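Each structure below appears as structure tokens.
Shared between the two complexes below is chain A, which pairs with chain B and chain C, respectively.
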Partner chain A sequence: MNLIPGAVRRAAIAAVFMTVPVTAFSEQAPSVDYFSLDNGLEVVVIPDRRAPVVTHMLWYKVGSADEDPGKSGIAHFFEHLMFKGTTNHAPGEFSARVAEVGGRENAFTSYDYTAYYQQVAPTELRTMMEFEADRMVNLVLTDEVIGPERDVIIEERNSRVENDPSSLLSEEVSATLYQNHPYRIPVIGWMHEIEQLNREDAIDFYKRYYAPNNAVLVVAGDVDPGEVREMATEIYGKIPRGPKLEERVRPTEPEQNTKRTVQLTDDRVAVPSFSKRWVVPSYRTAEPGEAEALDIFSEVLGGGLRSRIYQELIVKQGIASSAGAFYQGVSLDDTSFGVYGSPRGEATLEQVEKAIDAEIAKIVDEGVTQDEVEKAKKRYLRSMIFARDDQSGMARIYGSALTTGSTVEDVAKWTDRIREVTPEAVQKVAKKYLDDRRSVAGYLLPEEAN
Partner chain B sequence: MNLIPGAVRRAAIAAVFMTVPVTAFSEQAPSVDYFSLDNGLEVVVIPDRRAPVVTHMLWYKVGSADEDPGKSGIAHFFEHLMFKGTTNHAPGEFSARVAEVGGRENAFTSYDYTAYYQQVAPTELRTMMEFEADRMVNLVLTDEVIGPERDVIIEERNSRVENDPSSLLSEEVSATLYQNHPYRIPVIGWMHEIEQLNREDAIDFYKRYYAPNNAVLVVAGDVDPGEVREMATEIYGKIPRGPKLEERVRPTEPEQNTKRTVQLTDDRVAVPSFSKRWVVPSYRTAEPGEAEALDIFSEVLGGGLRSRIYQELIVKQGIASSAGAFYQGVSLDDTSFGVYGSPRGEATLEQVEKAIDAEIAKIVDEGVTQDEVEKAKKRYLRSMIFARDDQSGMARIYGSALTTGSTVEDVAKWTDRIREVTPEAVQKVAKKYLDDRRSVAGYLLPEEAN
Partner chain C sequence: MASIMMKNRQGTSRLTQLCATVLLAVAFVTMPAVLAARAGVDIQEVKSDSGVTAWLVEDYTVPIITVRFAFKGGTTQDPAGKEGIANLMTGLFDEGAGDLDSDAFQQRLDEVGAEMSFSATRDAIYGQMRMLAEERDNAFDLLRLAVNSPRFDQQPVDRIRAQLNTQIQRALRDPNEQGMEKFAKALYGDHPYARRSDGRLESLGSVTPDDLHALHKRIFARSNLHVAVVGAIDAETLKKELDRVFGPLPQDPDLVPIERTQPKLGQVVHHPYNLPQATLQLVYPGLEREDPEFFAAYIMNHVLGGGTFSSRLFNEVREKRGLAYGVGSGLQTSDYSDALVIGTSTRADRAEEALAVMRETISKLAEEGITEDELTTSKTYLIGAYPINNLDSSSAVASTLLELQRDNLGIDYIDRRVGYIEAVTKEQVKAAAQRLLKSEPAILIIGPELKKEE
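After this line comes the complex of A and B, so read on.
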């Protein structure tokens, strides 16, 4: 029996295909409480008294990039299994309770973390903690549970990837971009490996990774930090520490020497599109200031309506229907920087590619202006403020930061570090990392174009 | 102290960069003795009385594709370490003995196996067995041994890969071709991972993989099978069985959907070159008859002077200085089929690529002739006879077959199965596997071409 509301399942599905975007943080970091329980559980409490609502999130420091070779998809599969029954609660009981009290819940799996959350009235916080703590250790993992849920995941992959040429292409661009690191492998897993996942894999995964010493609890909302601490200590504190986990050291990229392309031609494609990606450092792996500069570079180059790519390709030349840039900086290991675009009207994909390349080359060669950088920072910081306005957005910032090697202090100083980015720093990272000789371009083409 | 003769070291180095070509086998398979010792060691004895020489080869069922993630290069590194001292013999003593008696020795590491061999007078066989059995268990692995040898490997990689653009390109073509399988990773290892290999890795590798139950002994030459059996039982038989090894199941490829290119532009390149590869089944993974058909297809398409590619591109059109096809069928898992070419005179790389593509398309569309297939079989079988003439070639055929999932019976029936290949079978594999939409092309370009 699966009582998880459709909306939750859909949201969980969506989250699989992207790193949760955490390009957002409040201009004034709120004062947060941060502490650890004796069993190793880290706790962050973020007071937000504006409404009688609390967000309760439990983050595990395990994602698809931690999976054993040949077991791709197990992290995401396990996220689904967490909605099954425990020795204390029937399958779906937790979700039913959330719905009953008018709350919302969700879960998502990424390369580096898996998270579960509920948003409810503060009076329900204790119940949420009890349910969440219960499924950290008491999950019932029988073949009767595993088999049907695996079919659900297979169907999910069918509808979201196999039937979507752009997803198929995106997977193979990643598999080409990363030659050694597991970010090469899709979060949802390769179909042929998902099909083989079994009870033993699930139990092994659960025992290894689902433990207080591998988790971060984030509570944001209309709560008293002292009370949250007491409650967490009482409920989560009684769970014994799990096995000592090895450091999360994954194979890293060799020096890359080649320019690569990946092309998918499919009769289901209506409009061609182009993307190009590079391996670049993340907030955790970058030299000081580089990740912040990459964020501002991404903003200047292709972050929304005021960006160079938008202004040049869409407004001025009118050759693209969409185009932009992205940087996934919140990542445990080296991550990627990308650009993308789709032609409009009579324009060709080649024109779009060349125009984007030209914008990058211009920044590499001539740099960016002080004014541009300041405006980009403002836009970037404003988006942080918007996120702060959303309680769960705030909780997500802390959860994703703490599960990808950053600290509460890093989060607190984030806005200041963004403010320190200079035009020189932007040009420097552009020059250093966006080398065309080490790029991977993806081309999605309609059948007739061949 | 390193007493390994330079020639041996050089030969060992060379072998790292290719799967040992085993496109060769005697037309009449000789009668061989095959048996296993109680400790699991498999033994093949191949009588060859033509000269007073014996080839003694020990094959381990471990290669680079068995390495743990992040430990690339350890299999090959370990091959080097096997030439160091044991508790019974000083470093270099074994090699010195081989040289002293006028023998030859060599060692090589591939994706699927690591092998050691000596060719000596039959009177020396016992001594070779004693030395070889000794280093299976008594190797001395101290930091004093590991450190300097790691520097040797680093230098080896520097000179053979880092300073050779075609090797760098070839590595990244493989890393692009295989999206999930460890054949993606170079046998010699990624530089940044080689640099981290240490004593603990070496000891772990030795304990796991160097044991009689993970090895195949091949003795070919002027010997009496009964005597070899006695000798092997006496010398190798006393080594205790090692830990039970898991089946060699590696991550397999997902369905591939894209056409990819990998391009390296380098000012050290004088003549541009082109290659294209596809993932295809190996002798172990293919449907019955497919691997044999792929071998004959490779012969018809681009195996030497009578092949279609050679005749068309080099003889008739005169646009290529070199061009051909290859299939690495002796492989534990799905392997690759490839074509390559370099332009000549005023011809462009594009012309060469198009001409090769055209030859493939012609076979896919129109098939091959009976006459062509018969001639290709003859050439193929003749090359087997040449190999048979070389005692160590024969030993290599058995060693590589038995360490990649084939049996002695498979080897014995190989020529018959090759004879059964039909023109229809060749066209069928060409059509089934050489789909351009799932190919990876490599381009090696001189700097000015950009």
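After this line comes the complex of A and C, so read on.
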């Protein structure tokens, strides 16, 4: 998230909520119910009874990284098609019902998961479950609805990517960073493949991945866990278990031995920017403690106003307008760690890059201080208290964890594991993973002035 | 990895985002938590000894406190030649105050664990702080320093200015920003609403620390201040904190009067740029918040392009024809102007078709009004959605309470609102549609030349 050049410095604070995988459960925190139905559907209930609102989210353990070769974008395209009507309900009926009761709804797709949600008054929860359960198995897809919707996602790609040089570059950096793993392919898909997606692709995808035994239901808000259990058993429980799904084993990265650079020059760029990324383990793939250490490392290195990169490049040297670091630990497979920066005034992009490299080298060579680590921990733990103010944010924490190979217990114990991170562990992951000889640097440059 | 795709971006009015940083709302939409009380929100009016009034919602579920406040007088108060100064000022409240220089202040803020931020809109300077209840005393003390004694030291001023300069330089190359700026000038002429809130390189460059102190003194006062507080604090304690933080401010601000203005309609502004996607915006007349027809227009706007997947524009432009990813409309009520703004981004080679479909949808609504069914479902939506959209986290509650005060709507407004909506008839909606949608709009086109541009 932080990669977007021009991201103001305070984005770092918001980013904590986005990137932190799981949450703290201190003594006053709500308890969480977790159980599975006979058909394999996992259910998480997070009571929060402050207001008469409930968040109902259904997560599927399928994302763009599960797509077949040549079908990029189908996971996201299919997510849009889930709004098109079923054997029981006409297209638009579900959305109309949500709107009628003043609810909010949407859906999103990432590399590892696809999720659908509605936020409504508790009295509407049953109806939401009925509609959601219905479209898990009864979707009707015709060419009449597929054509216009494909045009919609082409416009979505235009909005998000083609219209934005930094997004274009970011896609290319990912495609270079991952040499074999499907995280190299953008979630929204490549334009030429999106254009070819059709009804048959959508139906294949639906039959293969949309089943109770491949989904996680998360209900957060003004509900009684016992009642949710009864309701979910009655409504979702009657859907038969789908065929057993294959393990989510994707092609893995070969040993990487090269330093690569990707460069984009565009007329719309006024101020150059730079990013560098490395493949690193995620919470699921890391050795015990490594992912937590990477979280602390990214915070100390470039997580906000007090971070080394911010203080050195922006405050002391005054060479950057923005700069920082990020780590996206919530990921089924190996993920990436990144740094970014953009010059200001007379400074050059090269100076910014060198200064960031120097900060990384300093940590690799000399480590971080106990004080820095403790302050970073305190910030994470605190952000978890703030996170409890956000019912559906909590739902999202659980949904993303459970669809990327973590468990409810992992979530509950995350703060304890963060507390255990030592300065030595931080230096160790920095040294082990941030090897410049297998990094990918991206440069976004203005057209040369003539 | 900014790689989450949303089904829809809610149609927001782009006009207000003229100067916003280009942080695409790519990833997760901020989805709400919920805080409001059961049957409506229990709001207390708290008046401190020094005469500062705040609206308070007490809630101890999570041990945090959120404070949000606004001083009337935003970027419109920028003196000529110093445009961008108010926006620059809002970047400096955590860059040193009282005895603490920039580094010491930020270190202290980090130790206390409070999040503090300021921002400037056209009409007000906003501040917000979120703190852990156990650090209340320390957090309010930092806020007191920031509000009363910002230092505006030369070094941080230069640093934040340099960051803003980079943002201005970026905008100079960004066709969307350029198009929006051109449009704002065409709509508002010499009025301050035509200006970019972050200023120009020259105007920002001329700002001195003395200028900043002068602006701060002019705007930060008690009689143009509104405050909202949510969380783990009681009224008596809050009174003392209000006196501590805001008590020392002068009674009255020294604001330059701003004239009311209306956007100039009936014109087409084209910012040519060869992009795969064109941006279209249509500006129609708006109406004031106090206008007796406000709620009729509000329902009309909801049917036309409000934020659901079932508005007429969403159906016509997106669902039936696949012309765009996002399309929507919104009523804009600023302190000195109002408008109905409709916008979309559509593929360049079908921009003409998209514009025609939008205009046809708008005309049809103006001619025929809405159906009985649309009226009913709009009402249930607008009533049911209020707590979900406005009261869904401490920050949202604080924001809502603050805007209700700024709009002078009264502490019982949330309860009365239901009645206002229920009272609207189909005929009233039609009358509002005719009043607003019959005018020839101002149209912005960013993208390749259309074949015919009316």
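Following the convention adopted for this analysis, the second predicted complex is superposed on the first by the 418 of 450 C-alpha atoms of A that agree within 3 Å, B and C clash if a C-alpha of one lies under 4 Å from a C-alpha of the other, contacts with A are read in each partner's own complex, and residues count from 1 in each chain.
In this section, a residue touches a chain if its C-beta (ideal position, glycine included) is under 8 Å from a C-beta of that chain, and two chains touch if they have at least 3 such contacts.
Just so we're clear, the structure is a prediction, and the values are computed from it rather than from any experiment.
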Check your understanding: Looking at the overlay, what does A:184 touch: chain B (first), chain C (second), both, or neither?
Key -> first
Practice item. Figure out whether A:282 sits in contact with chain B (first) or chain C (second), or with both, or with neither. Key: neither
Check your understanding: Which partner reaches more residues of chain A, chain B or chain C?
Key -> C
Practice item. State whether A:262 touches chain B only (first), chain C only (second), both chains, or neither. Key: first
**Study point:** Touching partner for A:382 - first (chain B), second (chain C), both, neither
**Key:** second
Review point. First (chain B), second (chain C), both or neither: which does A:175 touch?
Key: first
Exercise for review: Please work out whether A:127 is in contact with chain B alone, chain C alone, both, or neither, and reply first, second, both or neither.
Suggested key: neither
Review point. Of the two partner chains, chain B (first) and chain C (second), which one does A:251 touch, if any: first, second, both, or neither?
Key: first
**Study point:** First (chain B), second (chain C), both or neither touched by A:403
**Key:** neither
Exercise for review: Kindly classify A:96 by the partners it touches after superposition: chain B alone (first), chain C alone (second), both, or neither?
Suggested key: second
**Study point:** List of chain A residues in touch with chain C within their complex
**Key:** 1, 3-11, 13, 18, 28, 48, 50-53, 55, 64, 76, 79-80, 83, 92, 95-96, 98-111, 117, 119-121, 147-156, 158-160, 162-164, 167, 170, 174, 183, 186-188, 221-222, 267-271, 305-306, 314-315, 318, 321-322, 328, 335-336, 342, 344-345, 375, 378-379, 382, 385-386, 388-396, 446
Check your understanding: How about chain C: which of its residues touch chain A in the complex?
Key -> 1-9, 21-24, 26-29, 31-38, 59, 61-64, 94, 102-103, 106-107, 110, 113, 115, 117, 130, 132, 159, 162-163, 165-167, 169-176, 275-277, 308-310, 315, 318-326, 345-347, 377, 380-389, 391-395
Check your understanding: Which of the residues in chain B end up touching chain A in this complex?
Key -> 69-70, 72, 168-169, 172, 175-176, 179-180, 182, 184-185, 190-193, 249-252, 254-265, 437
